[in-house]
């Protein structure tokens, strides 16, 4: 296999990158996954069953964590650029930064969940609570998986199992990471901003 | 550059959400519009979809379109627009 | 062109890297699409046996009114598992079996895009099926129906519905990974020159099915998660007392459930579209129309789900809208039927077993399609839904349609798989017994339903005119069971002693017939270059002035072996490890809190499998390959180096790209 | 071979039309059921044309174009025909459009609430039916009485803890789901007096098969007489042994008897027994109300009908002696 095909990943007979095609198919599928959860949430946004509702949302706080996640997309782009330059050290730094920002976002989510629970919004109190926690929880799980992927990539790179020119991995994880980010853009707009 | 742009858009969004007494429809349209803008920027540039081939574009587009239709049909059915 | 069927060589030993010997371990670690396809098929056939026995018990119970063969509780379990088994453990995996075995052969590739993910799909499917069926020994089968409507499925007494929901989630992972794999394979690994509109129709239908899976599976995943959370974590998605709406579950379920119907039938439509031309010695009539009709069915299939809910109180506007979309899905279906008849019209028909099953498919599927139109008429549907009329309808579609198509495919491709023909007399016995038994079983059910026999009822009263036809139906069911005997005999005995089949067993049209039977491990010595639809046929035959076929070339029998060095992906045990970990987690979840240690062990195995997978070099002798990162959670991460052999053959990738039309037409239709 | 379904079809149509079946959609009574039946028969007739056409074509092809010995000529390689394709796309589309028009019309027609309808509230329970006549004050179970001179408008729901059922009297109208948290409606009418049978049509758990119902359509005078009877308090002698047992054994915890201290205010989880002796069936309409059946029921209810009494769904085994059973059965049968 030539270096050229390595940089761009294995290509099929029609010139398309095989693994990226698969990744996009997966992300297309994920749209429906989150779409269904968001549809559930929209349906239940008023079903508070006498419990607390959207008034608990702390928009400034969530805005900050949204911004953190948005910035992690930027660091992901920088990591990807470093890979294209075959600069392993830079790549690891930016991957770590991305993972860190993702962790900060998760921390924010944990804080938010704890606060809501303390204030009486639980997932077993109303369909609104169920839909909110399960939707944002599944998004959080996606972020967590992304963080694990980023971290393992750093580890593999350190151990020499991930060379800079084999950047298809970085690109694939990047696609996944950006996708998780745009899902949050939708959730932040639809679940938080539009409901206040 | 793009990151800066995204940051500004987010700031505008939050500002809009806090404008007191803003017309509800205007708010909805504005926020959804800005959301779509951010969405397209990330997908198009960060994820390079703008530069990928048609197959990948369409794979993702179908998912997106179907997810959006899902919103509308399910919500329309439940909200009584279709139920009359 | 000349590369299609290379001259036979005298080599005795397979030279390609990654070739597998026999032995259990080689099957466990295999990443060869052909072996995985066979394992899919074999497993699905075992489940077909189980599902069939369940059906026979159901028919025994219903043979006479107020029967006591089964208790209500047992009956509810059996019909739940009969439906779940036949849909998720028989027809879907059988379609996956054909897809696995044939896709690479038909598009001229050496494997699927992600061989190890392919192996993982199989193991997840196998373990998921065992998990679901093992509920029988762990308190009893699930008993909330294959559709698991909330809030019945969330009632705490329906404890076994956890098995059902988790089992379906696991099987969903297998299907989703398979769908991503097939999509990618078809889009990126076609032989040079094979543009989208030169692909065999079977490949097209598999692509459409993969799209349907991609975009419908996540929806049922969400529905199942919501049920699981309601059952185990106190969420209130479907609790009316708290404001939850059970109708939401129905929307989510059928948003998957209706595309699922096409997921089940389209592969068989692809199979008969391959069989009919070969046994009529004519090309498929209206290739583009058949392809477009398949895509149109899929697209419309996403807009008709609520016709399963016509009695749930949607309101007249929604009912009318879904009635219209449902009616119009009959148009592309009709186009297909007419084109199949057009294919045989004026042909030179040889009524071999595959052809008999294909013609049977057209006849039986048409009946199912027409009763489907009567469901589209909402008022009529309010009388028919949840009665035996519907049971009859979907058995005409899924048994008379999907299963007849699958049997056609088995008889058609068996010579390719085993190098031996299945016995024609046995095949004919199988076909005629099955056709008679099938119609005896299900035709009367139309009338039973119209005479007021509701579905899913363990007993029915005497004296309301249901006795005779139920008895007929039960006799029919046992006739179907008997019809399986010649088939099983043929499969078990003919595969070893049947008449030897040449490579081109039926004078076929598609690429798989250009290679030896059984195919070499690497499929193609040289990756073929394609110039036309049914390229292999056009190499053998030209047309004279009248448009009749004339043989222009005969190929020598191809060898199984090549003198070339062809590298193939190495075997791997990580896929089975990952699948095993996943299912251990599911058992742990079911038996929580006691099962939590099991859950943790399963999670560790899964993570270990994923990490090992990521570090493993898929084909080390070539050395210079990507490492990759496995994704433990969804199994759909495209994380492995594809088999690049096909890529080496690219001569002009851009040319192929230019007409690389996408299957769906979704965004501009 | 393909004549088999056809032969069956003829045979079955003949048998289906021969007798008057009390639970058949093919013998519609009343306007709505007849409308549906006509629409179905129209669709079926059109479908039959296609059925015969396609199957005849398959049969014809299999015979006419079968490869014959000695014929070495290959067939003409026909790849398609656009005119034909357009024809068999457009014609079915037009036919379907023609079916769609009356379909949509009928859908809206059936959804209308008739002006002068008798109102009945239907409540589905696992696994029996409760009927309330809000204008008349009548509450009854499993057997619904309706007058022949008036359409009946059903408003149907279930308790929040219950599951989805489906109300279906095939002779009178199509089915309609009964969904917790929602109220669905259905109009039935029976111009002819008679007994029409039904069956819950949505799988609702263990005893779904034995969740049946009966509709008695009666001449207006008979219906009024029935209403008068139903409004009377239960025929209870408060000194009787039966009444004592009814209270002692806890029957009144689930079952109401109007006009007594066991009136229950309509909150009871079991069927109202005020006039149980006047009904023809019991146990979700799946057993004839005879002395023998009632005795068997009281010996062990779950023997006759699978239930989940521990989950508050269905009647528990009260552990009665034979003497107690005899007394209670006599008491119940006197509740006319």
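So that you can tell them apart, the chains are marked A, B, C and D in the order they are listed, and the count of residues begins at 1 in each.
The rule is simple: contacts are C-beta pairs under 8 Å (C-beta built on N, C-alpha and C of every residue); 3 or more make two chains touch, one makes a residue touch a chain.
Values in this document were obtained by computation on a predicted structure and should not be read as measured data.
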(request) Using mean Cα positions as chain centres, tell me which chain lies farthest from chain D. (result) A
(request) Return the chain pair with more inter-chain C-beta contacts, choosing between A-B and B-C. (result) A-B
(request) Express in whole angstrom the distance between the two chain centres, defined as the mean CA positions of chain A and chain B. (result) 16
(message) On a C-alpha centroid basis, what's the spacing between chain B and chain C, in Å?
(response) 35
(message) Suppose each chain is reduced to the average of its Cα coordinates; what separation in Å results between chain A and chain D?
(response) 51
(request) Indicate the whole-number Å distance between the mean C-alpha point of chain A and the mean C-alpha point of chain C. (result) 32
(request) List, in ascending order, every residue of chain D touching at least 2 other chains. (result) none
(request) Provide the list of chain C residues touching at least two other chains, using ranges where the numbers run on. (result) 183, 187-188, 214-215, 219, 239, 243-245, 247-248, 255, 315-316, 657, 660
(request) Hunt down the residues of chain A that sit against at least two other chains at once, touch-wise. (result) 14-16, 20-21, 25, 28-32, 35-36, 43
(message) Which pairs of chains touch each other in this structure?
(response) A-B, A-C, B-C, C-D
(message) For a test of understanding, state which residues of chain B touch chain C in their complex under the given definition.
(response) 53-55, 58-59, 61-63, 65-66, 69-70, 74, 77-78, 80, 82-84
(request) Note which residues of chain C are touching chain A in the complex, please. (result) 113-114, 176, 179-181, 183-184, 187-192, 194, 214-219, 221-223, 225-226, 229-230, 233-237, 239, 242-245, 248, 252, 255, 611, 614-615, 622, 624-629, 631-634, 636-642, 644, 646-647, 649-650, 653-654, 656-657, 660
(request) Over in the complex, which chain C residues touch chain D? Could you list them? (result) 71-73, 75-76, 143-145, 149, 151-152, 155-158, 239-241, 243-247, 280-283, 285-289, 311-313, 315-316, 319-320, 323-324, 327-328, 330-331, 334-335, 337-339, 341-342, 344-351, 359, 362-363, 366-367, 370-371, 373-374, 376-387, 432, 435-436, 439-440, 443-444, 446-447, 450-452, 454-461, 464-465, 468-469, 541, 543, 546-550
(message) Per the contact definition, I'd like the list of chain B residues that touch chain A in the complex.
(response) 2-3, 6-7, 10, 13-14, 16-18, 27-28, 31-32, 34-35, 38-39, 42-43, 46-47, 49, 52-53, 55-57, 59-64, 66-68, 70-71, 74-75, 78
(request) Going by the contact rule at the top, pick out the chain A residues touching chain B in the complex. (result) 14-16, 20-21, 24-25, 27-32, 34-36, 38-39, 42-43, 59-60, 63, 66-67, 70-71, 73-74, 76-77, 174-175, 178-179, 181-182, 185-186, 188-190, 193-194, 196
